[in-house]
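The structure's right below; bear with me while I get my questions together.
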Amino acid sequence: MRVAVPRETAPGERRVALVPETVSKLRATGFDVSIERAAGNAAGFPDEAYADAGAELVDGAALASGADCIARVARPSPSEVEAMSPGTVLIGFLDPLTDSEGLARLRQREIVAFAMESIPRITRAQSMDALSSQATVSGYKAVILAADRIPRLFPMLMTAAGTIAPVRALVIGAGVAGLQAIATTRRLGAVVSAFDVRPTVQEQVESLGAAFLDLGVRTEETEGGYARELTPEQQAQQQAALEERIPEFDVVITTAAVPGRAAPKLIPASAVERMRPGSVIVDLAAETGGNCEATVPGEVVELGGVTVIGTTNLPSLMAYHSSQLYSRNVSALLLHLAPDGELVLDWEDEITAGACVTRPVSGE
Amino acid sequence: MISDPDVVGLLYLVTIVCFVIALRFLSSPKHARKGNWVGGAGMLVAIATTLLFEGIGNWALIAVGATIGTVVGVVGARNVRMTAMPQMVAIFNGVGGGAAALVALAEWHNEAGPAWDSTTSIVLSALIGSISFAGSIIAFAKLQELLSGRPIVFPGQNVVNILVLLAATGLGMAAVAGVHEQWVLWALVALALLFGVMFVLPIGGADMPVVISLLNAFTGIAASATGFVLDSTVLIVSGMLVGAAGTLLTLLMAKAMNRSIANVLFGAFGQVQAGAGTARADDGRTVRATTPDDVAVQLSFARKVIVVPGYGMAVAQAQHDVRQLADILEGRGVDVRYAIHPVAGRMPGHMNVLLAEANVPYTQLSEMDEINPEFAQTDVALVIGANDVTNPAARSDPGSPIYGMPILDVDKAASIVVLKRSMNPGFAGIDNELYLDSKTTMLFGDAKESILKLISAVKAQ
Amino acid sequence: MTPLPLVIELTILVLAAFLGFEVISKVPTMLHTPLMSGANFIHGIVIVGAIIVLGNANDTFTKIVGFIAMVLATANVVGGWFVTDRMLGMFKRRPEPKKDGP
Amino acid sequence: MRVAVPRETAPGERRVALVPETVSKLRATGFDVSIERAAGNAAGFPDEAYADAGAELVDGAALASGADCIARVARPSPSEVEAMSPGTVLIGFLDPLTDSEGLARLRQREIVAFAMESIPRITRAQSMDALSSQATVSGYKAVILAADRIPRLFPMLMTAAGTIAPVRALVIGAGVAGLQAIATTRRLGAVVSAFDVRPTVQEQVESLGAAFLDLGVRTEETEGGYARELTPEQQAQQQAALEERIPEFDVVITTAAVPGRAAPKLIPASAVERMRPGSVIVDLAAETGGNCEATVPGEVVELGGVTVIGTTNLPSLMAYHSSQLYSRNVSALLLHLAPDGELVLDWEDEITAGACVTRPVSGE
Amino acid sequence: MISDPDVVGLLYLVTIVCFVIALRFLSSPKHARKGNWVGGAGMLVAIATTLLFEGIGNWALIAVGATIGTVVGVVGARNVRMTAMPQMVAIFNGVGGGAAALVALAEWHNEAGPAWDSTTSIVLSALIGSISFAGSIIAFAKLQELLSGRPIVFPGQNVVNILVLLAATGLGMAAVAGVHEQWVLWALVALALLFGVMFVLPIGGADMPVVISLLNAFTGIAASATGFVLDSTVLIVSGMLVGAAGTLLTLLMAKAMNRSIANVLFGAFGQVQAGAGTARADDGRTVRATTPDDVAVQLSFARKVIVVPGYGMAVAQAQHDVRQLADILEGRGVDVRYAIHPVAGRMPGHMNVLLAEANVPYTQLSEMDEINPEFAQTDVALVIGANDVTNPAARSDPGSPIYGMPILDVDKAASIVVLKRSMNPGFAGIDNELYLDSKTTMLFGDAKESILKLISAVKAQ
Amino acid sequence: MTPLPLVIELTILVLAAFLGFEVISKVPTMLHTPLMSGANFIHGIVIVGAIIVLGNANDTFTKIVGFIAMVLATANVVGGWFVTDRMLGMFKRRPEPKKDGP
């Protein structure tokens, strides 16, 4: 089975779906791998490394032909879909819950598409869980962005020139990214509080040495470990509580998300204005609209001296490590779908069935 | 200038000194074995002295008796399985008590009208010796599974017991008061035997070691009483040494089980006890709880220890203490490594964050694939609040929600110690077979507190 | 032996009792059973009593009783010692420290 | 005595010489303080805060007149010098070792100028030691810049998608800034080595838990605790040793400086090229030419995939805290020069004499 | 049935039991005072028993003697300054030894031709008692500064000492061999007194407590020997208890000073010793070294402790252990704070970096200005590898390079414990007056190791 | 008292010696001096010897010697006890823990 990896075309996307290390592992198991020239450049993996790992370097035009599977990071453009032959297996972040148009295109082209987002979050699929691996990078990077933007030092320092007070940080939404943000903020020496609506999270927050900020808003956890959407009353209650507490903090990192929905608006613009000048908000939910009213997705804006970072696709800014993690996720999925390099699609299997978003009618 | 009795006395004094040193040595791991040898030497001195100086006859009988006893002792002690050691201790303790009772009976028979103090000693020796004899036999039978290990109870048992003991005491008091009839002591012995049986019957198998230790102290006291009868300081001292040390040891053992001694001895009268922290799987395998002291000895004698941290370490915020324990062990020459499972904890890299905070060098951390082959050469796998990531069901049980997840092969280690608070499951909500493994012991409690106790205990080694 | 004043014997008894308590002040749990077994061996000293009784026995009754006592006491001594020794054999020596630690 | 604080005019300078907290302390001791409007804005200290602290807010033009002392951060422009009346006390970073022209201007105008750089580094002057306080901020910020630029995570993480190797960082020059950089890098979870030519530094590096990289180059320490310049042979030896070792590292932070001289060139461009793509060099010595051949002062350049950050004036990027620290240094100096709010210049005093770079002829 | 001698024996047994318990209690801080009371009770029982049952006369003399002794004892013990306690112990120990020697002399005088064993006891009692008497008097004189505290030595001293002791022993052997002349014992006593004087003279004042403890053990043995003379078990046992306990205590005390006992006793024969870690300022003030155990007691009994970390904590990388110690103390109800000097360490915020790494909550850290007023209410200031930042010269000595630097007012605390490796100066290269303060004790050694020892010691409390 | 066999006295002596060693197994340094003082008091038991000698003295020599012994021994007992008590008086009670700790 031949796996082809294109150079990403989405704007700002620096990651690559397979890194050389994984390529050699796949080849050892019986896969053939083609890589589009310069596909790994932006992430720090030069073509020579791929060649050394046994990949065939091909031009973009030739890539899709002869490939049984295409592994990529972001969803393909319409023309890229066009270039794939029917029956090809496609792996990547395909945005299945919101990009129905894209899915229709794939279905029409009879592509067997597996969305990384749709891999069930069960224990044995953890090694394929790209949402988690990329969220880990985002959580870390969010803190670095905040530290870079804020005109303050994070740690407390008592010096001959007086004492520097530590930054007070708040993390809203302590999922994978939120927990990593908590850990990184604490590492840098800030005093961290965190808040989430899922009740099990409190213990997890405390297990990282941070304080749990109790706003009195709780919701259940779904099967997959996600949060349920709040009722409108709960949402109002949360906004009010946050509006009151937010000005205490110098750094706020928000990660609140409910799969398939727009991000809940948690921080009203009025709360932003009441923050101390120089404070920073990093909105990791910017992609789905942001948790903060002031967030402009993809941009960094200032509101009354407060910087609101709506930068999307943070993992792409850490392309080296995030590609490495993503590549392992992809190869774990590949090995699941094609244990010895030959495709064996078992539609009874929870992972295969769950991750597949379009498949040939015969199989349905 | 030195008279015969003086020589005898001095030689017996040598024995006493040997015994004291023996007990001292036996209570430290380093010298324990030497202690037994010193005790043996003391015993030889005492026996030789008695044979040479106490002006005795009946050599043939003595020789035959000694031979039979030796054969029984050697054969019994040599051939028994290691796991059957406790019942061996019980039986050898019992025969000692029996010997003391018999010596008392002989003296009762021989002395025309012994003084009140002599009689008191005879009565005590007979009474306590017999209880110890009968009780030990029952303990032996229970452990050997000749009798059910379960507590054997019947209604009104304690009333009967008390009555029997009162009757025996009454007979003893009569003897002291001057009733010098042979049957008095015989009857007393019979009652004491009965009491011994009934005293031990209701006690469950798990508690037997404590009971044996108590009976051991009893035999010591009986031997001491025999010493009063025979005016023998070596008997008085040695017997009492064992009496006192045995009593203290009994208390320590009960404490190590987190039980009061009263609870051990009389707890079963109302209710069948389910020994602290001991759970039983459907197929009869049990979970074994352990103590910080025992784990400390295991760790101190280990060559290689692998620490397996999990979410529980994070919850307990025990990372600094874990590192300290590891440092101490390393300082003692133990090879310590940390096995980091990729999904230990609740976020990617959870263990890394905590262990970095505790300043554990990266070089001590091993990924799963790298460390798994090493468990087979590991003496102790110290599992600290990890659960799912060690669950063998992931390998063996296709029905399990974690089936297919690679796990840390802790079950390959020579022994496994698990620190957690209860038998509650972890994230995946499933039971862990590992805890029923015969090589696994559980140290229950908050991980931070358990580690702190372990540190103290290891330092005390 | 010449009979001793009772109170002297009591004094000795009390001293021995204290000593018994003090001497095993701190035993690791792991040594509980071996220590019990070792103590068990030590009270085998009752063999001295058995020898004296049997050695001085003149009538059949005393001889029988003394003989049984002799057998039992010897079993106590010999068995007790060997059991203890076997148990302690399980304690291997601690490996030599590789480097200096705290 | 009236102290005036101008709004800084040097390009990119966001700091302010006194912050409101210090203003109230000075006023309590008997000083009067004037602040140019909007002087603290860029650093996050609004005019209202100054007014609350008791400062008089004045326009730029009116500032110099009536001021006995002018406290500022960067050296004044020629026109600003012109505006000061003779005999005025001036406090600031005046660059006395290199800016001889500026000094001449001040001397001509009969300004009594105290350079923060010239305060002797003796124990009792520690509270005035602005070099240290600003270097502390630089050292911290250098790490944040590196973390933001590098496409990797600093800490080691063992995850279901494989293990992320920690960043390997090297700090060259473990003075105040270097030590702080070491501490911050370690906080973020990188594996840190450090190198310096002063022999006492090894223990200090190790006291922060980092490893000392021994390149076999040693020099003495001067009275003030600075390094002596290396001999040409030593310099060559050091370059060669570094050239060999540098490619092992993902992040290099250089701080090597010898007061009054151009920064020693430690990292040849060839060494930069041999580093892994994506690596980052932060050159804190950029202001005096840089420790790295590839450094362009004030710019961020790329050389063979390696980012070389030559950004100068890092403290200005952390204007809030660096102003706060600087302000305490300045007020400590003010209280030394004018203990009760009245100027008492004791030219016998080691600090007063040492810090003064131009003074009226009568006093000389 | 109970005879008079039995009653006497039992009462004396009560005394013995009391004494054993007293010693046990005296070795733990919690029960020590109770221990003394139990001992006192035992003593009263013994005295009353002797007076009532030992069939004696000379009541008036006894009463007068007792009264004089009581007055001397009470007045001496009550009026002495707390710092002069050691010499009081010495003197009361000496008189005990003297009493033992006198009893021996009296027996020698009274018994017509005592048996060899009795004579041996008399000789030992006289010999040891006299040495103890004379030695204690010299120790007293030295501590009270009636004699120079310095070692007093002359050439050939040890040869002379050995000869004197040999002569005394020779006389004793003659006595045992049957030379029952009065002068023999008198001469022996005279030689023993001489030996006692010469034995103690060469020992320096700092080592005196060890010597007193040894002489204390001697007196115990002398009393025990007296017991043999008088056939008194209570004397034999009590004396020997003190003999053994005193000997062990002597070893422990020498160990606590990091000296061998031989070094203490004979070290001065060649050379004047400068007691380990004891330095002397020009004006005669000395630096006092302490032990982890002592610091542990201080910390455990403190209400408020301020930790003052400095560069030495960083060098030793002791931050994690410091936090652990603080946690333990906090857990025991001690109020623990950290005082952070602005320039502690070698870079701005050095202590913050380390303590944050060790997870010390920011709220426990106090800036200098905030914490300085609190030292006056602090029981122990625990200075860990900090030096310059605590140096009072910054306040008082205008010539000092650090004059004018604000410092942490540790010298205001009730007591100060300094952990460092030596008397070497810190960054500024100057000596620190603080170490000569009478409230300061030094715990020498690497800070990490010292803290680890402190943790063990505090836990053992 | 009736004379005892020497060997019995020796037995008692040996037991007492062991007990003396064992009973003070672990003393914190701070208690060294008080413990020494307490032990010092206990050997004041020699007062029993002094009483016996003086109480049974018939000649002047014995009376004088006995009297001095009596004075010395009493001083040992009384002074030893009070000194110990004063020293121990310095040990104040530990404050009550504010909260539960490890």
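In this document, chain identifiers A, B, C, D, E and F correspond to the written order of the chains, with residue numbering beginning at 1 in each.
We adopt the following convention: a contact is a pair of C-beta atoms (placed from the backbone, for glycine too) under 8 Å apart; a residue touches a chain by one contact, two chains touch by 3 or more.
Everything quoted here is computed from the prediction, not taken from an experiment.
Asker: Going by the touch criterion stated earlier, list every chain that contacts chain C and also contacts chain D.
Answerer: Chains in contact with chain C as well as chain D: B, E.
Asker: Would you mind checking the shortest number of contact hops between chain B and chain E?
Answerer: Tracing touching chains, the least step count from chain B to chain E comes to 1.
Asker: Examine where the copies chain A and chain D touch and state whether the two sides share over half of their residue numbers (same) or under half (different).
Answerer: same
Asker: Among the chains, which is located farthest from chain F on the basis of C-alpha centroids?
Answerer: A
Asker: Relative to chain D, which chain has the most distant C-alpha mean position?
Answerer: Of all the other chains, the one whose centre lies farthest from chain D is C.
Asker: So, what's the distance in Å between the C-alpha centres of chain E and chain A?
Answerer: 68
Asker: Quick one: chain A and chain F, Cα centre-to-centre, how many Å?
Answerer: 78
Asker: Counting only Cα atoms for the centres, state how far chain A is from chain D in Å.
Answerer: The separation of the two C-alpha centroids amounts to 38 Å.
Asker: Where the centres are mean C-alpha positions, what is the separation of chain C from chain E, in Å?
Answerer: About 38 Å separates the centre of chain C from that of chain E.
Asker: Among the residues of chain E, which ones contact at least 2 other chains?
Answerer: Chain E, residues with two or more chain partners: 5, 8, 20, 24, 233, 237, 342-343, 348-349, 353, 356-357, 359.
Asker: Going through chain F residue by residue, note those that touch at least 2 other chains and give them in order.
Answerer: If we look for residues of chain F contacting two or more partner chains, we find 2, 4-6, 8, 11-12, 15-16, 18-19, 22-23, 25, 102.
Asker: Find every residue in chain A that makes contact with two or more other chains and list them.
Answerer: 126-127, 132-133, 136, 155, 157, 159-162, 164, 187, 189, 209 - these are the residues of chain A that touch more than one other chain.
Asker: Taking the top-of-page definition of touch, could you list the pairs of chains it picks out?
Answerer: Pairs of chains that touch one another: A-B, A-D, A-E, B-C, B-D, B-E, B-F, C-E, C-F, D-E, E-F.
Asker: In the complex formed with chain B, which residues of chain D make contact?
Answerer: 155-164, 166, 189, 191, 209
Asker: Which stretch or stretches of chain E touch chain A in the complex?
Answerer: 340-343, 348-349, 351-353, 356, 359, 362, 365, 367
Asker: Name, in rising order, each residue of chain E that touches chain D in their complex.
Answerer: 311, 314-315, 317, 342-343, 345-350, 353-354, 356-357, 388, 394, 401-405, 428
Asker: Please name which positions on chain E make contact with chain F in the complex.
Answerer: 5, 8, 15, 19-20, 22-24, 26-29, 32-33, 35-36, 39-40, 43, 46-47, 50-51, 54-58, 61-62, 64-66, 68-70, 72-74, 76-78, 80, 82, 85-86, 88-89, 91-93, 95-96, 98-100, 102-103, 105-107, 109-110, 117, 209, 212-213, 216-217, 219-220, 222-224, 226-249, 252-253, 256, 291, 293-294, 296-298, 300-301, 303, 327-328, 330-334, 457, 460-461
Asker: In their complex, what parts of chain E are in touch with chain C?
Answerer: Contacts found on chain E: 5-6, 8-10, 12-13, 16-17, 20, 24, 233, 237, 448-449, 452.
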